[in-house]
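Each structure below appears as structure tokens.
Next, two complexes with chain A in common: one pairs it with chain B, the other with chain C.
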Partner chain A sequence: MRACIGVVILAVFVAGCGGNQQSAPGTVTYNCPANAVEVAVLQKEIPAFAETSGVTIVLHPFSGQEKLYAMMAADKAPDIFYTNSTMRDELAASGRLLDLRTVAAHDPFVGRLWPHVVDGGMAADSGWYSVGNWEFTCGVYYRKDMFDAAGIAYPDSAWTWDEMVAAARALTRRSGPGGAPARYGIYCGSHFVEALEIMNGSRFPRGGTRLELPATSREVYRRYLDLMNDGLMPDLRTVQALGMQAPQLLQTGRVAMLVEAVPHQSLIEALTVPWGVAPLPRFPGKAPAYFRSASGGLSISSHTADARASWKALKWIIGGASTYQPNPVLRDVDFVGGWESRYAALRGSGFREVWDLSLRHNGGDPRFFVRFSSWASAPIMERLQPLLDRVWARELPVDELAAHVDEINRAARTQIETSLRTSVYGSSFRARIETDLQTMEVAPAP
Partner chain B sequence: MTSGRDGRTGYLYIAPWLIGFLLLTAGPMCVSLYLSTTSWTMLTPPVQVGFRNYAAILTDDPIFTVSLLNTLVYVVLSVPLGLAVALGLALLLDQKAKGVAIFRTAFFLPSITNMVAVAMLWLWIFNPEYGLLNALLQHVGIAGPLWLQSEVWAKPSLVLMSLWGVGGTMMIFLAALQGIPQELYEAAELDGAGPLSRFIHVTVPMISPAVLFNLVVGIIGTFQVFTQAFVMTGTAQPGTEGGPNNATLFVVLYLYKKAFQEFRMGYASALAWVLFFLILAATVAQMRMAKRWVHYEGGER
Partner chain C sequence: MRRMDTSWRATLTMTLRTSLLYGILSVLGAAFTLPLVWMLSVSLQDASGVFAQPFQWIPPSPRWENYIDAVTLFPFSRYLFNTSVITVSVVVLTVLSSSLVAYGFSRLRFRGRDALFAVCLSTMMLPGQVTMIPLYAAYARLGWIDTWYPLIVPAVFGSPFYIFLFRQFFMTIPREYDEAARLDGAGRFRIYWSIILPLARPAVATVALFCFIGAWNDFFNPLIYINSPEKATLTLGLHMLKNQIVGSGSVQWHVLMAAALVVMIPNVIVFIAAQKHFVKGLQMGGLRG
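Coming up: the complex of A and B.
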């Protein structure tokens, strides 16, 4: 009997101990997006890549950040996986990412990348830890038929905020019950307000450790809230509660203009009405700085068994796999032409102008979850987000939000100090965090 | 007295459960207790911090306080309401009417439906424009609120939704009601007791053990509310779960965010243990108070 129990326990123990998933040299595991179409296309093309490069890619579709971290904790991370700027510094500081300079030095592929894409993958220690695998900007999609019916000219590439508000006013239809708008002039999700902030002159250093809310940002918040106060834009909570996706808002005619990502594949595929896209409106006297995101990218695990094979695979994913081509992170491809040939509706829509402007006046990615460093992002966001909820619900005046900035920065500072005490970071990162702390001039707690 | 051979056979029978308990429950609990005294991001080895995580939670974490208050409000609203509705349904279904079995099944089914599926259904019910609830309210001339997007209505919405799952509680009440000897009602009736008096003086005392069981299990369950808040309040953007303005940030959701969005495993483990002790305290308090109002057969209180 005792032997029986022993065998059962042993069997359970053995079953619980998985084999080491570290890949063999020449074989690279890729934590690809869990998108059935992408996976199918990649699966089809991987054998041809293996034949020419000698590198076999094994796909491990992404199944959650928790699982990826658990795999890293067990030293079984996939060789290539996606990282965003919020997590990348922390992973690099903990020695989990390969510094790509060790495998990419003198590789002509680096020259094919836009310089800002390379720069976007650098961490606080000046190491290169990720390669942006996609980029997008944002613009104002509009219904041409509604502009025509209202007798308004389509927006041009230099239109201003006031012109946009005037157009929104002319396009709003208050024919709903009790004079409520049956159609709103515009909708802009709160996650794009940061794009407007940089258009109004706000500048945020990447990897910042403190929350900044300059006067230029506060002015944008007020103007944004005025769109709702004036009934030109639906209340954010209503749109969220409706659960409507951006394409539905424009397609069903609930809004005449919509601020969204450019390109936006599902939007382009869903729209059957005549539409165009314009750049974000300018603010008087301000140099244009258009939103452009290369904040996330592909990284290689520092535990990879074959760093060169992993680098080869990463290059192929970004520059070779057809599902990601033409890839906007590459400077030697005709990205706009490629998309225009795939989607005829893009021709003459304004897409090329929007894209070119964002390249010429690249304002970067100012989004909250991007602009803070790994060590400051969580304590800032968990305090800021509820306050922003109240601001967008028009329950907290913008100036009162500004009054919370010092308190939020104090909390961030406390957490960074705790992290320094209790985390095992590389020395170059530690030095950088300590420098950041010294420069954090936060008012003392009352 | 049990023989050695019988004892071993008994252990063999319970071995699958015992092994599962040791490996999948007791083991992780011990690890989490250890982790609660460390700072661990999963990327580097845990660093011992003693009781600093607990101190931070209890003295220096205003967001934990918010999540605890939200949880307490949810418990206070949903447990009594859930018990009342479940008891009401059980009383209705404790009839010898034709087709009552169909109704019993119909009321019980939602409680075994997957919570994520239920949450998706209720997202539609709470939809302010074309949702069922506001459509009904509109018929009686009331403009419905924004429900989940309203700081005021978000918690009551989830409480309302929790009633969907009272089927299990209802079944326990139904079993208890059917166990009440008919003679007690007849005796009460002879003494001139009306329906309300019979309910208060016969039914309630006789089902009080079931009430206690449902109360304890209900409070333990509602303290751990998570899925509905996670699924239904983070639809706008990842990371916004628990909104608006943290109105639906419950302790377990906060714990989840710390553990699996910020990867502060030590802090999250300490949160889990704080919650465990809160639930333990609530349960012990109920068991102590139960001596005053729970009646067991044989007259023992």
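Coming up: the complex of A and C.
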């Protein structure tokens, strides 16, 4: 018992060490990803940055949305943290984020960013609230050995959906128990279907307030489901149940082609088999529009004690910290060359072509959680997602999903109106939401 | 002859019943043990072994180095120290405070006692998500964020569930013990400390065990209140390890399972130790008549 009480006394002494080491001028707290390697690299480089800039960065690696909101409620938000498009406008509208224009005016760093990266951080009031800290596109990774064995030519940058389906058919091996495929031709997670929608001509304005499901999108949904219906792609629930992640699917030969993010660090590091990567297949007669992510970035808290120090730290994280270099959000870095020198397997893999195509034909980020404005996203997604899940489980026909669109928009509109009455939004945001509501044409209830 | 027949039938029935009982218990036991065996098996395989079909329960060449990786890929010893100090403090403080409060509820007579006990129990009904932000704000005002205080200090105020457990146990201890002690000149606290608490060893062991497992495995509270990596606990370390492994390939379940098993060991040891005390307490307690 005495020993236990001794431990308690020790704990009381040790427990109080540190605490609230934030919000002092010149000291900036950063909610970095909880990754031991990343933290170690940053911690090693921070002293040198502090020496040259006079700004000390304190890392807070254990982040999470619940924690961030709790910290904000207690006015203890970290100075720099990650926000995605779903939460950014909402936080900006309630005055939680610093408008970066106040600290970044005339800063040459802004000129180093791709214009679409700057645009992606703008909110409805034209304020600039986040700087994209990373970007990626997506493509089709494929096993070269399997293509060779099947006598199929590797995909090129102009390959079409039908060619991809033909390749998947030729690569599928039905030698499993009961004729089940031991190897599937392709796997494409449902979160990449939105990228295929823009390839088929669907266009979505950023910050939308209503759900639209054009014929071009519905056609993609049907084609995607056909991959499963024809046994060319594993059922999504089967993949979930297996617990396998993308690299493992391709590495173990469960699939011959895989739609995934480009570049995908863990996939590149994990693959030991010969592989290549091709752009997403094109749809006949449609202009190419490749996926380019713009969902999130780093924001600065409006309660930061030293806005200029926070801006300096943010710039260093994006453009200086070695763990994030070369950073694709910067236009003056050789991103492809940097990655090719880091990973020899990327040379001649098709990575350069895929990346260049996504820059030349930037179709933006059409993902559902990015597609809608901050206030419309939750009202729409909480109704749409369960229906989408049923569509991907092949329990709900695509046409029936389309029949729900008006109902979803009506409910979303009601919810946005309620939120406008009950939430504290800045005047410019309020005016913008009101304008959106006025222009939001919703079919009357039947 | 008939008597022999009846006896044989009774033996057969008994054997069948016992076999059935053992059969059901074995199936249930296997069902509960299977995930642990899977963890152990995966922790000794390489990355490809996890998804091999059919799954090899006994690895052909066990990879013991997974365990070395598991404890070297993150600051294991520091996190072990942090977790141990926090857990021991929480266990000691919770047992002392909860038993003291329960003693009051079971032995002292005062107006509104039962109502107060009902209020105490009702705090169990509040989900943690509801109290998270107010508590965070309160701790922030006290300057306790990024310290261990929010993890340890609440234990000083007891836990309604443990108070309930102790109270129910104390109610079964005859009041004659208290009266005898009072005749010998013992005060309220002396009775609690020297009579009730030693007699309640089984309850103490149970509460200490539950509390230890809860504090050792707690992920959410350290996640919310701890910011600095050097103050993190083992569960946060596992979380960090998982992210780290993701960054260098896919999730390497074999290393993660090895780390999880290592983190689990103190739990198992404490469980076995507390179980022994639990039985001993029952044997030595004053409840056998």
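To be clear about the criterion, the second predicted complex is superposed on the first by the 423 of 446 C-alpha atoms of A that agree within 3 Å, B and C clash if a C-alpha of one lies under 4 Å from a C-alpha of the other, contacts with A are read in each partner's own complex, and residues count from 1 in each chain.
The definition used in the following text is that a contact is a pair of C-beta atoms (placed from the backbone, for glycine too) under 8 Å apart; a residue touches a chain by one contact, two chains touch by 3 or more.
What you are looking at is a predicted structure, and each value in this text was computed from that prediction instead of being measured.
Colleague: Based on the superposed arrangement, let me know which partner A:D332 touches: chain B (first), chain C (second), both, or neither?
Modeller: Once the two structures are laid over each other on A, A:D332 reaches no partner at all.
Colleague: I'd like to know which partner A:Q265 touches here: chain B for first, chain C for second, both or neither.
Modeller: second
Colleague: Tell me which partner A:Y69 touches in the superposition: chain B (first), chain C (second), both or neither.
Modeller: both
Colleague: Once the structures are superposed on A, label A:H191 by its partner contacts, choosing first (chain B), second (chain C), both or neither.
Modeller: In the superposed model, A:H191 contacts chain B only, not chain C.
Colleague: Touching A:P33, do we find chain B (first), chain C (second), both, or neither?
Modeller: So A:P33 only meets chain C here.
Colleague: Return first, second, both or neither, reflecting whether A:E90 touches chain B, chain C, both chains, or no partner chain.
Modeller: A:E90: touches chain B, not chain C.
Colleague: For A:E51, select first, second, both or neither according to whether it touches chain B, chain C, the two together, or no partner.
Modeller: A:E51 contacts neither chain B nor chain C.
Colleague: List the residues of chain A that touch chain B in one complex and chain C in the other.
Modeller: Residues common to the chain A contacts of chain C and of chain B are 4-5, 8, 12, 16, 66, 69-70, 73, 242-243, listed in rising order.
Colleague: Write out the stretch or stretches of chain A touching chain C in their complex.
Modeller: Against chain C, the touching part of chain A is residues 4-5, 7-8, 10-12, 14-21, 29, 33-39, 58-62, 64, 66-67, 69-71, 73-76, 242-248, 252, 265-266, 269-270.
Colleague: State the interface residues of chain A toward chain B in the complex, per the touch definition above.
Modeller: 1, 4-5, 8-9, 12, 16, 65-66, 69-70, 72-73, 90-91, 94-96, 191, 237-238, 240-243, 369, 378, 381-383, 385-387, 389-390, 393, 395, 414, 418, 421-425
Colleague: With touch defined as at the start, can you tell me which chain B residues reach chain A in the complex?
Modeller: Against chain A, chain B makes touches at 8-9, 11-12, 15-16, 19, 23, 39, 41-45, 47, 49, 60, 63, 123, 126-129, 146-151, 235-237, 239-240, 243-246, 257, 260-264.
Colleague: Quick check: in the complex, which residue numbers of chain C touch chain A?
Modeller: Of all residues in chain C, those touching chain A are 48, 51, 73-74, 84-86, 88-89, 91-93, 129, 132-133, 136-137, 139-141, 143-149, 151-152, 222-224, 226-229, 231-232, 236, 239-241, 243-244, 246-251.
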